[in-house]
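One structure is given below, represented as structure tokens, and several questions about it will come after.
Just so it is clear, A, B, C, D, E and F label the chains in written order, and each chain counts residues from 1 on its own.
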Amino acid sequence: MPIVRVEMWTGRTHAQKQELARAITEAVCAIAETTPEATIIIFEDVERSNWALAGVLASDEET
Amino acid sequence: MPIVRVEMWTGRTHAQKQELARAITEAVCAIAETTPEATIIIFEDVERSNWALAGVLASDEET
Amino acid sequence: MPIVRVEMWTGRTHAQKQELARAITEAVCAIAETTPEATIIIFEDVERSNWALAGVLASDEET
Amino acid sequence: MPIVRVEMWTGRTHAQKQELARAITEAVCAIAETTPEATIIIFEDVERSNWALAGVLASDEET
Amino acid sequence: MPIVRVEMWTGRTHAQKQELARAITEAVCAIAETTPEATIIIFEDVERSNWALAGVLASDEET
Amino acid sequence: MPIVRVEMWTGRTHAQKQELARAITEAVCAIAETTPEATIIIFEDVERSNWALAGVLASDEET
């Protein structure tokens, strides 16, 4: 059943997502006593222009 | 009030979403005693490269 | 893969959720060409005091 | 801690998101007694073809 | 259409949610050119024992 | 920035969530090149009566 949703800024590579999927699945199965076949990981890429901290969009901080 | 969120892999056509919106709205109204005007359906298309089962990205399984 | 998330106000019965789960799964499988075994439905019960339309909490409208 | 997620149809400008991020952060901090540094705003742009009311996709209503 | 989801730690009062609903709806309507009747706010109360920063649950930091 | 949301059935202990928070944060920081201070983990406990696979609520399968 576990569904793990990972929101990160865009820019992570396919290789990084492969590794993350494997590592998070291993952690969830080892600790939460479930099986890999029941563990879903979903990545959501968020643009810096769609994310704000302290009222400022992250894309505006980079200037 | 019902808000129904449907996450599916990319590739479903506009016609499929039209049918799904109609069918799910009908089911929700018939069973949960609400009105179509209060029922929102949101589709979210997920790339196979952003979705993993058993620690493996779905896009890697297709090779 | 489809994950369907149904947000409704609290108060729906177990029987209504059973029916909704069956009806939505059937619609999704018939229309989106997937299998029941790959179709997950998650219900989220929302309190009227946690939901606002037009700036007014639904729990306040009932008085 | 507050995480505020704003789903709107695509089409809002960067300037509108800047203003929204600032205004929502101010409201949350003033009312919910938190700090700007702990307040995250995430915008999600939804296509009209991915959003239905009363069983009809919004993109189909515009014709 | 805008759906605004506000995740905060449990403990905010009904009065704070009333004010937040009103203030956020006003900001969204003024800035994003929508109407109050189309603006939904949903509050989600998160327990400190269900939220971690830097790998530590917030409920553990309070000791 | 990473926000990781872990949906699991109710029943996991506080100790399991502590371990999960630590392990997932470590994995995310090691692989996605971010810092613990920017990594948020949120747990969501889902009742078996609110989760269906193949059209059947998980709570109904246990009988």
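Quick notes
As a convention for this text, a residue touches a chain if its C-beta (ideal position, glycine included) is under 8 Å from a C-beta of that chain, and two chains touch if they have at least 3 such contacts.
Not measured: the values here are computed from a predicted model.
Path length between chain C and chain D in the chain contact graph, taken as the least number of steps between touching chains: 2. Separation of chain C from chain E in touch steps, taking the shortest path, is 1.
Seen from the C-alpha centroid of chain F, the farthest chain centroid is that of D.
Judged by contacting C-beta pairs, the busier of the interfaces A-D and A-F is A-F.
Of all residue numbers that take part in the contact between chain E and chain F, under half occur on both sides, making this a different-residue interface.
Between the CA-based centres of chain B and chain C the separation comes to 12 Å, rounded to the whole angstrom. Separation between the centroids of chain B and chain F, computed from CA atoms only, is 22 Å. In whole angstrom, the spacing between the mean C-alpha positions of chain A and chain C is 25. The residues of chain F that reach two or more other chains are 3, 7, 24, 40, 46, 51, listed in rising order. Those residues of chain D whose C-beta lies close enough to touch chain A in the complex are 14, 17-18, 21-22, 24-26, 36-37, 39-45.
Across the complex, chain D meets chain B through its residues 7, 46, 49-57, 59-60. Remark: chain F residues 1-9, 12, 16, 19-20, 23-24, 27-28, 30-32, 34, 46, 51, 58 touch chain A in the complex.
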